[in-house]
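Let me begin by presenting the structure, written as structure tokens, before commenting on it.
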């Protein structure tokens, strides 16, 4: 008994969060990912303060300069400093990428889980809505939305919020179907009968028992979503939904380099934003992997 | 005397966990002879399954790892075999029935497919032969409507039926060694009897050795030739079945036998060994049973007792019998000797 | 032909003598009567320098040429043709009564002679002895048949045939008449058309009609239903220099020289239009997969094409101009001084430089400087002058407020500006404009929108400013600047201009028209109803092995295809 | 339907105390599907018209062949499955007619220990949380109290506090079973369906758990439906025992009565098959002949007749009446 | 099951009606119509009205909807404004070109993604896994046209291995085998690029699925049977890992016929993607609506198929 008491002192039960954090922090790759992401944020949100240039400052005489001492990453065809633009673009792209993905993951996971869990009417309704979402022609809708926002005279600066919402809304269907299908399998397992026997609330069944088992797939979907959202943003900005040209975004910067000549002659215009997206996506994936491993009971001490 | 088929020599299997290293199997040695049924009993969580799994080399790694010792099968050290060689033995020469029948069957394949797989693979039967044999096996383990069951999916069967399917799979290739991890716990007594008969039958016919892990001392009494008792990752006693039931030496074994409710001998309260199994992380150098033992001595708290042989190959790891054991060992001259 | 500078050197009759286009180019620099502002050599023809670099696939084609084109829609019928790419192909398959000349004026084609009555209302066409590609003769009756199709109630092509004012057309269109009373087939080769009202465009409208064989197209035609005709859209039959042999949608159009063509028979037996896109068209020229293509003009592309060595690079002025529309009905822009100030205050030269480098020019009147109607006399150039702009705004009552933004009567000077995003100019325009106007104390709120969305805002009048571009017809007549004109985007209204345009349209004498339009342009220039931005260029890159071209901004390459031959 | 034994008419009314659970003519069929379009081709009659009553404070044992429908009864009784027919009353209320929220509330009073400990635990939830979460969800205790109670209950069930933060796969089979037991006990229910709760445990723990269960029963008037294969455990723990075969009840009697005087040949066979922990003893077993029939297509008459050592023609044709033989001893056999 | 399918098919009717109404409503809300979108600078207001009358655009929206819906029920999707021919014919002309590359891409990408995903999972965190992961992200980080351009530059222009674009060699009047060979040659680059792009995500899904599955007890059972590691992985584990991906398969059906707007353009592939895009930009409603409905039907069918497949692949799920 005494010894038991002693053990009690030594082995204090940790809170689940602490464990997750500890495990996460043991995951070197995940830490690197987090570090990179923080660095990206710092670069984008603090970096521009140190730039000698300004966003709207064009200087056609300095156009298309290769990287040099005064323009570290060179200039674009309007003579604007690419470094500054990449950093400013990051503010938009990082936010859009993360927020839009968060929205679509939240919607997709929840609706998918609800559909898979309740089946019957909920499933029919949600999945038919999903069908409709899939079947609707995106482009005309986006054109219309752009026109409506313009008619409502919504400040272009604020359209970015709509943009995030729109990209978020566009992306939920795939995840919802994935999650639903997994939940359909999971809900038939005996541990779900156990939750029923315990009389647990549906909320808890869905969010504590079922969804955590779909986390790996959610993470994959989220990682893929971030890159998608960043690139989609640039496509939407053409329709009055994204950012307006003087405000850069990584997607816009890359799409601006849309010819073979640009591609070959002035790599400094597209490599920096491309690398930024790559680094962000990789970082997020590293974090995602880390998170998954941290949440996965069977992956320990990695 | 039959040849030794399997020998565990100082096997050590550890699990790395967040709390520390679990020495699930800690310096375990014993052997199984051809055609012999060896039962492993012991506290739940004492490492029986892990021992068996180590033999199959199916320890999940990470976090588990066989850190020491050797496992000889027909003289070859299994731990040194290549993956390919090992998989040639598995399911063919050595088969195993797992403890959890529910999750051990692949949910997306039919029962028939899962039973015929080793037949096709190891015995290179034709599909038709395999199907016939599979249905035969299903019948053999006492499941009705075998043709229907052949096309069913695992979730459509009851627990006992799945367990029997697992048994059928294990028996499919007439293994030299059958490891049965609590094969009949999910079965009712009539089926259990049937399965036990079946195993005995196979043993008789094919000279199959059986390593059976069970809690049911009744089953042990019926089946075993030899019994190994484990506690906290260690073998604490081994003896022939008659010997063990006649004169259990280790206080833990004694407790176990006392705890079993016996039919038609109704008691008010069942005996149970007081206390709990120690935390498997960082077990100290002591007798792991000491804090639950009514005969606990000073030495028990500071030193791990070695496994000593007594008469007739009866071995115990307990300081109570230390002197007797040492004497016997000197007399016998060999640790290996047993009846 | 007066006016048009560089193209003047390539009169139609010259073309038949297979004058090397090089000569034309050479003359451009020297004889250009109106050196386009600065007269840079950027515009014009740069000949291939090193034909030895010509890739093998191109050299291997001895009896054919492959012309790159954006995918045609397969509407190979002059009635229904819509995209320029369909038009280019139709132009080689069909001949009309008249054809365009290098300077944008017209000459006879199928018509041997066109008689115009005293009152300018009856036009009698005398046809040549021409044949369709199937060998049947082109008759006056075919012309009538073609006109009937135009006037048909189910006609949904791009032309506006009822506006030609042909007598009896409305009745035919309404179905109340079986014939068009104003069109008379006099004999096999003669047909006369009477119009109820005439203007400068009448002859061109009537003459541009390409007679189509009634025997071929008329088989299933019933008044009020052109669907049988449409079914032949991808199996055209005309009287042009080429005939279509195969059309694979989205891939290629194969043409063969028409041995029944009345004029100079085509010298290249086989023409293949191959579908290309702007992402790879240069690569295909380079690899010799195509012999000719239109390539977007910018410094990179020009340089790249020139460096290939074996291409004749022809940079031609585009018939069109880009502009920033201002909503003249919006109180913000109702003051002429404000509009002028906004024009002075925008560094248009920098925008043009950034977008096109030397391959576009700032313009100040809505007319191409190669048109006969162009004038530079009495035109204010609105060179970038922020100080002047500021003082004009001050004078107009827009004073700088505490936050640096001008205001008048408590209203801030804030402009909502919409632009489509697919234009290289917009990329440069938006940042520069934002910066320039900020310096003036004007807040510019920009957005990029779908083109149609902008047009709808325009139609509703719910806009401040937007960016767009116009294409120009060879004739200067337009409804862009007349009060409530169909194309009047800015709500601009000046009775004087209305009157001048009406006069110019009615006048048939070219010299007189020139004067009228000059005056109109001067007024518009003064009123600054919109900020005119630039006239850009087009680039035609042609493999140097093909000679004999006669290309001007008005006379597109397909019009001289039959003269082109493969150099040995 | 015609095969339904007449037993349903007779409501066995036994023992002392108030009836807590009343099962009447309960049926549960699982559809069998087949063919390309997975059409329903028949039913597995897992439970085929079973009636019994469990009184408050009683423990009712259910034994029988594997696959005879014991677990299905347990589940259907708690409405974890939908029933096919019949009714289940708990505290006098028809469980299968309760609304969702009423049912949820009712669930705190009745618990189940699942047969398969591993699959009944969510692999991603720590066992401590798994044990305590129902308390939390029903708002029965504060977070802090829950933790204490969980650790307390874990200890009662033979688990240690250091197990709190582990995940199910880190336990041995027996330990998992104990987690399942702790999860049920912590709710302080009135009624527990224990589906082979101790079969995976070693005898020492088994004894511990059984002692615990009988202590709780004594102290708190707990009621059990105890499903087991181990007749010795059933004998020890239960007041009454029901013997099932192929979805129907064959015999039901107070424990002592049943064990001393088994009437049904199947019960007798079961008894004789119990292994005895004495290697010197070799007993005569009644070996059942023949194949176990399919629950999808059960034999006519007495379902047991195909394997019964004393079957005669009447058994093939007539469903034996489920009779009270006195002493609350019910049996469905023509020859009893 | 057959009941399930019938029920789902019946459910498709209201869904399709709903979609048709929404789609039509959108077409009404989209700024501009065919007349304004065709940007004819010479169009007079009267002529515009005339054309609107010819196209029925002057009628009230509700009436237009019913006319359209009625025609659609008879299989008549109307005439494309810009192509001046029946919509069905336009679709039929181009859609098979899109289908052929989409189909080849589908097969290739699933097979490759399956292999790569499985190996990545098998050797999680190995060098191979890391390289694959990085490559996948690299491809995700660049817009698709960019990757298309890259491929054209290196494989078509620099190495001259494949044609730069198009579907056939211009002027080649081949038929039969030679034609197939020619088309196949032209398909290599677009298919390669599309495959590379689509395996990215799939690989991740397969990898994750495998990582989940290989730790299950039944994999241990399979190993205990002494099966070859290959059998264990590709039969036992893979089948289970595939389950979530089957859901994605449903999306592929409309994708097969939907055309790839951007890459078809880059590779000058005469697919439906470009045509559809143009129909939107030009407000060619009959084509736009017709093709949208065509895709809608495919989407619903695809989802139904994936649900059925899922039920078949995972016997635990009962379709009711």
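Labels for the chains are A, B, C, D and E, by order of writing; each one numbers its residues from 1.
Here, a residue touches a chain if its C-beta (ideal position, glycine included) is under 8 Å from a C-beta of that chain, and two chains touch if they have at least 3 such contacts.
According to UniProt, the chain labels map to these proteins: A, E = ABC transporter permease; B = ABC transporter ATP-binding protein; D = Dipeptide ABC transporter ATP-binding protein.
Just so it is clear, the structure is predicted and the values come from calculations on it, not from any experiment.
> Give the chains in contact with both subunit C and subunit E (ABC transporter permease), ordered by label.
Both-contact set = A.
> Which chains touch each other through the most C-beta pairs?
Ranked by C-beta contact count, first place goes to B-D.
> Compare the CA centroid of subunit D with every other chain's and tell me the farthest one.
C
> Centroid of subunit C to centroid of subunit D, CA atoms only: how many Å?
Here the centre of subunit D sits 89 Å away from the centre of subunit C.
> Which integer distance in Å separates the CA centroid of subunit B from that of subunit E (ABC transporter permease)?
So the centre of subunit B lies 55 Å away from the centre of subunit E (ABC transporter permease).
> Quick one: report the Å distance separating subunit B from subunit C, using the average Cα coordinate of each chain.
From the centre of subunit B to the centre of subunit C is 91 Å.
> Counting in whole Å, what is the centre-to-centre distance of subunit A (ABC transporter permease) and subunit B, each centre being its mean C-alpha position?
50
> Provide the list of subunit E (ABC transporter permease) residues touching at least two other chains, using ranges where the numbers run on.
Residues 30-31, 145, 149, 152, 157, 215, 217, 243, 314, 316.
> Pull out every residue in subunit D that's touching 2 or more other chains.
Touching at least two other chains: 116, 118-119, 160, 162, 165, 170.
> By the touch rule stated above, which residues of subunit C touch at least two different other chains?
279-280, 283, 450, 452-453, 456-457
> Which stretch or stretches of subunit C touch subunit A (ABC transporter permease) in the complex?
The contact residues of subunit C facing subunit A (ABC transporter permease) are 278-280, 282-283, 300-301, 304, 350, 353-354, 416, 418, 421-422, 426-428, 430-432, 434-435, 438, 445-450, 452-453, 456-457, 462.
> In the complex, go through subunit B and note every residue touching subunit E (ABC transporter permease).
On the subunit B side, the touching residues are 56, 58, 60, 83, 87-92, 95-96, 98, 100, 103-109, 114, 117-118, 121-122, 153, 155, 166, 169.
> For the complex, which residues does subunit A (ABC transporter permease) have touching subunit C?
Those residues of subunit A (ABC transporter permease) that touch subunit C are 56-58, 60, 63, 77-78, 80, 143, 146-147, 150-151, 153, 155-156, 159, 237-240, 244-246, 256, 258-262, 265.
> What does subunit B use to touch subunit D in their complex?
15, 17-19, 41-46, 49, 99-103, 139, 142-145, 148, 151, 156-161, 163-164, 182, 185-193, 196, 215-222, 224, 241-242, 245, 255-257, 259-264, 266-267, 269-273, 276-277, 279, 281
> Once bound in the complex, which stretches of subunit E (ABC transporter permease) touch subunit A (ABC transporter permease)?
The touching residues are 11, 15, 18-19, 22-23, 26-27, 29-31, 125, 133-134, 137-138, 140-143, 145-146, 149-150, 152-153, 157, 200-201, 204-205, 207-209, 211-212, 215, 243-244, 246-248, 250-251, 254, 277, 280, 288, 292, 295-296, 299-300, 303, 306, 310, 314, 316-317, 320.
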